[in-house]
Structure formats: C-alpha cells, structure tokens
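Here it is, the structure in full.
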Amino acid sequence: MGPLPGAGAIADQLAHLLGGVVLVLSFVLLYQRRLSAVIDTYAMQAWVLAAAALWQGWVQDSLALYITGAITVGTMGVAVPIALRHIVRRQRIHGTVETMLGIFPGMAAGVALVALAVLLVRPATMDSPVLAREDMALALSVVLLGLLVMITRRAVVLQVVGFISVGNGLLLGIVGVRGIPLVAALSMALLVLLGAAVSGVFFFGIHERLGGTRR
Amino acid sequence: MSRRIAAAGSVGLCGLGCLFALAYLLSGPGSITFTLPFGLPGTPIVLALDGLSGFFLLLLMAVGLATSAAVLDDSGNCEATAPFFPALLGAMVLTLLAGDVFVLALGLALMSLAAFALVLTCHEEPEVREAALLYIGMAILGTVCLVLAGAQLASSAGWDWRFAAIRAHPPEGWRAGLVLALALVGAGSKAGLAPLHVWLPPAHAAAPAPVAALMSGAMTKVALYVLVRLLFDLCGPAQPGWWGVPLLMLGAGGAVLGALRANTEGDIKAALACSTVGNMGLIVVGLGLALAARGADLSTLASLALGGALLHALAHGLFKSLLFLGAGAVQHAAGSRRLDRLGGLIQCMPVTTACVLAGAASLAALPPSPGFAGVWTLFQAVLGGPRIGGFGLQMLLVLVAGLMALAIALGAAAAVRLVGVAFLGRPRLPRAAAAEEAGRPMRMALIGLASVSTLVGVFPGAVLVLVGPALRRLLTTDLTNRAGLLSVVPQNNLRGYSAIGIAVLLGLSAALVVLLVRQRATPGHRVGPAWDCGFRAPPAWLPFGDPLTQYGGASFAQPLRRLLGTALLAASERVDTPAPGEVRPAHITVEMRDPAERGLFQPVAAVRARLSAFAEIIQALTLHRALALMFAALVLFLAVVALMEPF
Amino acid sequence: MTVLLGLASLVVHVALMLTLAPVLVGCIRWMKARLMGRVGPSIMQPWRDLLRLTRKLPVLAENASWLFRAAPAAAFAAMVAAAALVPGFALGMTTAPLADLLVIVGLLALARCTLALAGLDTGTAFGGIGACREMSFAAFAEPAMLLIIFALALLAGSTNIDAIALVVREGGVGSRISLGFALVAIVAVGIAENGRSPVDNPAAQLELTMVREVMTLEYSARHLALIEWTAALKLLLWMTLIATLFMPFGMAAPESGPLVWLLALPIWWLKLAVLAAMLALFESTIAEMRVFRVPEFLGMAVLLGLLAVVFLFVSQGFV
C-alpha cells in the first residue's frame, strides 16, 4: 500500500493542513475557559496529530509512523483524557479556569512565539524545500505555545495539559521528518507518554501536598 | 471692523495664492530660487519654491481661503485678535517658501507666536489659558529642536545655511541619526505625532473655530512639510532604510490612539482634534514606508507611499477644516460645543448638516470621498511593502496594516457618533432646538469646502498628478503611468481604484432603487410618535423628551471604552449607587488618561516641578546665606584658576 | 463584442443577485427549521413578506428627518453597487476593473454607517444601542478583514477580485494552509458582519441580540422592505465573495459566451447551497454569545489572518 504517483504536492499540503489544525488547537488551549472543553481540545489535538502521523505513514510507506500514530491515538487520544477527567472528578475541581494574562495579550504572545519559531528555523533549513521549513516552524510553534500555556494558566490541569502538548509538538516535528527508523519513533512516543505520567503525578502531587497553585 | 478688513484681505490673497500654486504645479517650471538683498550679516535671505512647497502652498491657500471667509462671518468671537490671522497665514507662507534654515526657523517661530495669540482669544477661561501655555511650551521645544537640526545640517555643509548647499553635503553616521531624532521631536510635536500630541486637543478646542480649522487643517501640514523637507530632501537620498521604522511605529500607534480618543471626548472640537492626531499618524505611516522603500531602492513603491501620504494630507486638510467650521457654526448657533447639550440640529441647520455629512463621510473613509482615496493608496503601499524584505520589517508591516484598519474603523465610529449625537435625534436642551442656520459667509465657506472635497474625492488621480513635481524632486520617480484622471493603480498592468467609476456605479444603483420603489411601493407616508417599543409621552416640563432616554456621546462610546479604553486609555468607571431607602439618583463617573500624558508629560512635569522647587530655595535665601553662597562661588572660582596654573 | 458580453453578464448577475437574495434567506430559515424538527416556512416566504411590506403605508416618527427617509435607499444602493462588483458565475464582467476588495469593504461600510445614522435619527434608545454596537463590532471586524486581504494580496499580487480568483483557480498557490486559515477567518468575519448567530440573532430582539434588528426598529412598509432586502443581499454577497475567492473553480472565464454561463450558473448555486447548509447547521448548534465576548470571536479571526500572512511569508520565500 503506497501513495499514488504524482500526489506529492497534495500529500504535503494535507500534512500541512493537519499540522496547522494542531497549531490552532494550541491557541485554543491558551484561552479556553471551561475545564471539560480544555480536556476535549487536548484530545482533539492528539487525534489530529495521530491522523497526521498515519497520513505521513501512508505517504512515506513507513511502518514506524503507522505504529506511532496508533500509539498516539491509544495513549494521548484516549488514555490521557480519560485519566485527566477521572482526576478532575476525584478532586472536584471547579468547572471554569481563569487566565493570568488577558485574552488579547495571550494571543499576541502566541503570535510573537510563532514569529520567533519562524525566525529560528530559518538558518537551519536554508537549503531544504519550503514545505520542510513550514513543517519545522509548525512543530516548534506548538512546542513554544505548550510552554506558554504552562506558564500563563493557573489551573493544575492546564499545566499538565500544556506540558504534554509540548510532547505533541515534538511528535509533530518527528512525524514530519522523512525516513525516521522504527526504534526512534517508538522510543519518542513512549518518552512522551512517560513524561505525561510523570508530570501528572508531579503536578497533582504538589497540589495535594502543598495546597499548591491556585485553581 | 478690523476683523472684516483682515478677513477680506486674507480671502483675496488666499484666492490669488491658490491660483498661483495651481498654475505653478501644472506648468512645472521646476524649482525657483530668489535671493533677497537683506538678511543676516553675511547671509542674504533665500526664498525657494519647488514641487513640494508648491503642493503644500496649494493646500494652505485652499484652507486659508475657506477659514478667512469664515472669519468674515459674525459668529466667531475673533474680534480682539483678528489681525493675528493674516499674520499666521503669512508666517506659514514664509515657512513654505524658505530657502535656507534661517528663514525656516523665523517662519516657524512667527507661526507659533501668532497661533499662541489666536488661541488666547477667549482668555477669560482658565482652561484656555492652560491650553495656550501648554501649546507655547511645546512650540518652543519644537522650534528649538528644529533649529538644532538645521544647525547640525549646516555644520555638515561648512556652516552654509542655504538649502542648496546643505543638499550637496548630506550628513552621515551618527550626525544623520541625530538629525532624524531632532526632526521627529521638533516637526513631529508640531504635527501632532504621538507621543508628543498631548498639546493638540486642548489647544485646538480652545481656539475659535476658524482658527482651529486653520491650525488643524494647515498648520499641522506645514509641520509635515518641514518633516518631509528635512528627512527626504536635505538629508539626501542615501539614508538607510531603517529610518522608516520609527515613523511606521509611531504613526501606527498614534493613529489608533487618536481615533480611540476621538470616540471618547465629550466636546466636538476636542474629538475632531484627536481625530487629527489619528490622521497624522496615518500620513506618517506613509512617510515611513516611503523612507524604507527608498532605502531598498524600490522607488515605485516609495513614490506610491509618498504620493498616498500627500494625497491624504490634502484630503485631511479639506475635510478637517470643513468639520471644524461646522463645529464653530454649531457652537455659535446652539450655544455649546458639548455633545450632551446638542441634538436635533438637522431640523434647524440643514445646510450645515449636509456639509458636515460630506466631511464626516471623508473622516469615515467611505467611497467615493477623498478620505477613502488617500487611505486606499496608503493601504496599497503597505500591501506592497513586504517586497522590501527582512522578516522583522514584514511582521511590522502586518501589524501596521492591522492597526491602520483598526484606526480607520474607529474613525468611522467617531464620525457616526459626532454627527449622530450632535445633529440627529432629539434636542437635549431647548437652546439646541432654538438654533439658527449659519450666516452667509460661513455657509459659503462650508459649501465651498464640501464641493472641493467631493471633487478631490472623485478625481484623486488629478491630485496625484499635482503631487508629481514633488515626487520627481524627492524620489526621481513619479506616478505618471499610474495616476490618471480616471483611476489610480498601484503598479502598471494592475487594476486599481477608479473613483469616478464607483461614483457612477453608485448613481446608477440609486437610480435603480428609486425606479423600483416608484414602480412597486405605495407612495406617501403618515406621521406619528416614535414606536420605541411603547414609548410613553414625555412629561410637560420636558418638551423634547428626557435627554437621558437618548444615546449620547458617552453612552455611544461605552463598548469601545470598555473593550479598548481600559487597556489603552486606563479608562475606569465608578458607579455611585444609593443605598436602599435613599431617593437620590445614581451617578456614574468615567475617568480616562492619555497614555502619553501619563508616561511622558507627567514625569517631565514632575522633574520640572522639582527643579523649580530647588530654584526657589535659592531665591528665598536669607542675607547671611546669600553672602555665604557668593563667597563659596568666589572661592571655587579662585581654586579652579589656581589649579589650572602650571606648577 | 467583449464589451457587450461583459455588460450582458453584469446585467444577468445583478438581476440574479437581487432576486436570489430573499430566496437564500428563505432556504436558510427552512433548513434551520428542519434541523430543529419543525416543518418550516416556504422558501418564497421572504419574497412574499417583501411584497406585502411594499403595499403598506409607512409611518414615520414625528422628529424623523430627510436622512431617515433617504437612508434605506442609500444603503440599498451601496449594497447593489457592491453586489455588481463581486462576480458570481462569470469573471470578466464590465465592472471587473473596478472590483477592488478594499472598495467593496468601503461600500459595505457606507451601507453600515448610513443605517447607523438612521438609527440615531429618531432619538430612541433602541436605535442608539443598535448603532453603537454595530459600529463597535465593525471596529474589530475591519482589522481581521484587512489581514485576510493582505494574505490574498500577497498570493495574487493585487487586491482585484478577478485577479485573485484567476490566481487561485490556476492552482499556483504555494501554501494551502494559509488559504485554510484565511477561509476560517473570513467565515468568522462574515458571521459577525451579517449578524448571524452567535453574534446576533436575525429573528429576535432580546438583549443579547440588540444589534441590527433594533437599529432599524422604527422603519415600516417600503423602507423596511428595502432594509430587509439589503440584509439579504449582504448575506448573498458575502457567500458569493467567499465562493469566488476560495472556490473559484467552475466560474466562466472572461470573454466566454452565454453557453458557458449556463454551465457556470448551477455550479454557483451549488456552492451557495453548500455554504447555506453549513451556516444553517452552525447556527442550529451554537448558542448566542455575550456582547463583550464578540471581540474575542473576532480576535480569533484576526489571529487566523495573522497566521495566514506569517505562513505566506514563510512559504513564498520572503523569510
């Protein structure tokens, strides 16, 4: 099963489109107020990322990427949101969360980070085709936006979500690279999952023990 | 009587000046220089006329003609200071015709003094005095900065003050940067460029309406002329492209700030003055883009940007003076210029309202007005800007484009607010209902400005042809293949804006509508009370209804004040609700501060206060202390002399 | 010959826009009704309403001025002029050289300002609230629209609609992602400008929806008919604009004859039907937004426009 001949341009465009949707969902995480919507947004981001991985697997005819996509769906798309909802229910955290910055400054900071990402990838990808440059810029933007979510949202759940969306960004970058071996892709996916689990324990542990950051 | 003589004389001279400038620009004999036989010892006075000064001269004469006609009218209270009006016009002409730095400085100083005298016309009111003091302080600062800039330029040319000599020896390196900074502070403060614009709204609101029209319409443009002359002409064509960046940033910021303040002011003239600040910001964005494009050798883009800026300057001069004269007519007829004391003036002042509507359409940048033509050209230049290159500049241009669009939309809201609250609706006070139509000379001035405005709007290409000599002089490329009588295009082989086409299309659509309505609908109408979902008849002591049941200036601005004002203008509302059981009404107080005032002027004023407090200590010394001070100064001087002696 | 063809296509286009506008509104209402489980009014009901209104005698308020009487006609004329500029099924109409995106935005602003002034004319509180909210929302929608125009101008090198449609048709577009962002942004701006849910409900006048309906509360009979027709024409214009800019396949090329138009017309109607169905679905599933959240909705459109331009800078090699 392989890609149709001459479908290179359309395949790349579709991969980009999926990457763009992941970026927009990162922006949504910056301002989303309702907790259940935040978890749903994160789940949607994971599913779109899995779709991008599967699509790239089909285009590049690479088993590694298929497996990565499947793992992403299973862990980030299904298991992590279920775990988050369980924790939210158990801790009886309230339904809405506030932002530290206003909506507009947050968005402006997000756009500035996207511009920064574009500037950063410029020297590294001078010789690569334009689409590879866009791929890298998208992935780096998602990483930076995940970090921004972590520091500008007060709720613990959102800090966890921000941390693992950084992992989403890294996966997006890996998925875009051509010819990645199976071991590297699998280990990356498992590392991100491990990071998610550790951060969940860490942040919720702080919250429980110290009465931590405000909800 | 002296007022009539002064005004009649001004009208005649301005008319002649207009024709002369038009003839000069169309026939294009190139730059003319004449040297007068007197002047400073060793340096005779040089006067020069070229494409750039000719264009600004045309603008000045047109605005001067209309405002002089308005001074003829009885409505202004300009009796005491009327002789300063021709003095102001003469000083501005002198500035435009300057051929060396000395004449330029002289012209600017005379202009500031004459305007100061005119602003003080109603000097009995304390806020007028405060506004005049702030104005003269800023004017002195501006003139000093410009003189320093001129001195720096002359020193690079071997202390030759003439423009021709300065052009031959353009400054370089840090000297050029110094000239840029001084020109921005000096000419920018006179033109109302943010953040040095804080003096403009109080001064233009305090001056009588024809004076305010002249100041807003023409004086700010003269300052703009000085800026263009210094940065584009005297510093030479080889300056780096980054010179455009501070102008782009300051212009975009000022455009948004001015337009937002125009929405929140409760006084018509202050709101119009804030809108002047906004439009100056837009023009400066065009200048900045022209500098950046010139630095990257894209002279077609640079000529489009500079042409757009000059077109918008002309359009703004015309429609802003029209609006100020209308505000003056309203102030005389209805007794107030505050929005919460007017209303329903369309019934008693129909001609004034129709002319003000034409001006307001230009303020809102609606096609086919001249405001739209200027804004369209500026946008085309900004949209073509990314060709200059450099990711930082491209991101800046995107932000500038967004801010320009925000400023224009805020300007449209301000225009609707001013016209809707002051002229439409129900009168808020009986005095407003008793207003009478403006006098003959004022009506002539208003109608004249409105018709010229409409003409410029429908044929913007003609104005760009008039700008041609200036563009050829400064940038060596003009808009000959791109601006014609019928349309303006940004580049060859592209489609552009055809104002006359849009006007014809609108006319045909209107004819179609009238035809459909005549053919199909029932003619005639009935008159009854307003529905308003069941409006009770007003009590007998409020013949025009309660003014609180109608939207006023402050309430119209409330969404914008809440959404943008809290961030930009530090707007805060305080509601004073009576406790249960009290029968007094609730009060709402709204406070706003201009960020430039908070961030720039107040710290400077604080430093000045501390310095003067320190100086007062020295003033109030006892005899003993004064003697001690003199003794200490003498000992210090002797010690310095002793130390400087060789051993 | 080409002049005659251009003129003929323009006349057909304007006639179709005028007649189809109320039909479009009727279709959307019918679809929303069906989605909510009701039978719904007939598609021609808006036309019947317009004709019924023209038969009535208008009642004007006592203090209404000439501006109040002239505003509906002026707004309608501006909207018809804008509709004559946006091509629907045929490129290369006579008005193609005039069809600049900035000019169209300006004509829409002209219609909006005229109606806002008319709202303030009678001196009622309802007119004031509608006018001020309309102008405030426009203050946020214009930057978003300008960024979308920026993206399209970078792609096509011009702000002329025909030029942009030709470039997008040929498929020489480097970055589809930017077009995707710009499409979502222009849909958001269109929803806000036309007063559809979640910004304003065209069927009600409750507190959350006091924008367009209450601005024109005092109008009746033929004036109200013109205003309703203007609103329907505005919706059709926005949908046609989105279809022409982002989905220009199937449009008749310049200088093609009436036979090609006959093929292009059903394609245009199909695009309108798809957009109308999506709008009806969206409106049925979303709730009204608080007035002070509307700038956030439009802020999202500004953000997407910014992202579209930034990714165009990357893909067109400017960086």
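So that you can tell them apart, the chains are marked A, B and C in the order they are listed, and the count of residues begins at 1 in each.
To be clear about the criterion, contacts are C-beta pairs under 8 Å (C-beta built on N, C-alpha and C of every residue); 3 or more make two chains touch, one makes a residue touch a chain.
Bear in mind that the values here come from a model prediction, so they are computed numbers and not experimental data.
A.B. asks: Average the C-alpha coordinates of each chain, average all protein C-alpha coordinates together, and give the chain whose average is closest to the overall one.
C.D. replies: Closest chain centre to the overall C-alpha centroid: B.
A.B. asks: Tell me which has more C-beta contacts between its two chains, A-C or B-C.
C.D. replies: Greater number of contacting C-beta pairs: B-C.
A.B. asks: Could you give the separation in Å between the centres of chain A and chain B, each centre being the mean of its C-alpha atoms?
C.D. replies: Their C-alpha centroids are separated by 49 Å.
A.B. asks: When the C-alpha atoms of chain B and chain C are each averaged to a single point, how far apart are the two points in Å?
C.D. replies: Chain B and chain C have C-alpha centres separated by 34 Å.
A.B. asks: Where in chain C do residues touch two or more of the other chains?
C.D. replies: Where chain C meets two or more other chains at a single residue, that happens at 306, 310, 313, 319.
A.B. asks: Would you mind listing the residues of chain A that make contact with two or more other chains?
C.D. replies: 104, 115, 118-119, 122
A.B. asks: Which residues belonging to chain B are in contact with no fewer than two other chains?
C.D. replies: Where chain B meets two or more other chains at a single residue, that happens at 391, 395.
A.B. asks: Which residues of chain A touch chain C in their complex?
C.D. replies: On the chain A side, the touching residues are 13, 16-17, 19-20, 23-24, 27, 31, 103-104, 107, 110-111, 114-115, 118-119, 122, 130-131, 133-134, 137.
A.B. asks: Once bound in the complex, which stretches of chain B touch chain C?
C.D. replies: Against chain C, the touching part of chain B is residues 343-344, 346-347, 357, 361, 364-367, 372, 376, 379-380, 383, 386, 389, 391, 394-395, 398, 401-406, 408-410, 412-413, 415-417, 419-421, 424-426, 487, 490, 494-498, 501-502, 505-506, 508-510, 512-514, 517, 520-522, 524-533, 535, 545, 549-551, 555-560, 562-564.
A.B. asks: Show me the residue ranges of chain C that touch chain A in the complex, using the header's touch definition.
C.D. replies: Checking each residue of chain C against chain A gives 174-177, 180-181, 296, 299, 303-304, 306-307, 310-311, 313-315, 317, 319.
A.B. asks: Would you mind writing out the residues of chain C in touch with chain B in their complex?
C.D. replies: It comes out as residues 51, 54-67, 69, 73-74, 76-78, 80-81, 84-85, 95-100, 102-103, 106-107, 109-110, 113, 116-117, 119-129, 131-133, 135-136, 138-143, 145-147, 149-150, 153-154, 157-160, 162-163, 217-218, 221-222, 225-226, 291-292, 295, 302, 305-306, 309-310, 313, 318-319.
A.B. asks: Which residues of chain A touch chain B in their complex?
C.D. replies: My answer: residues 102, 104, 115, 118-119, 122.
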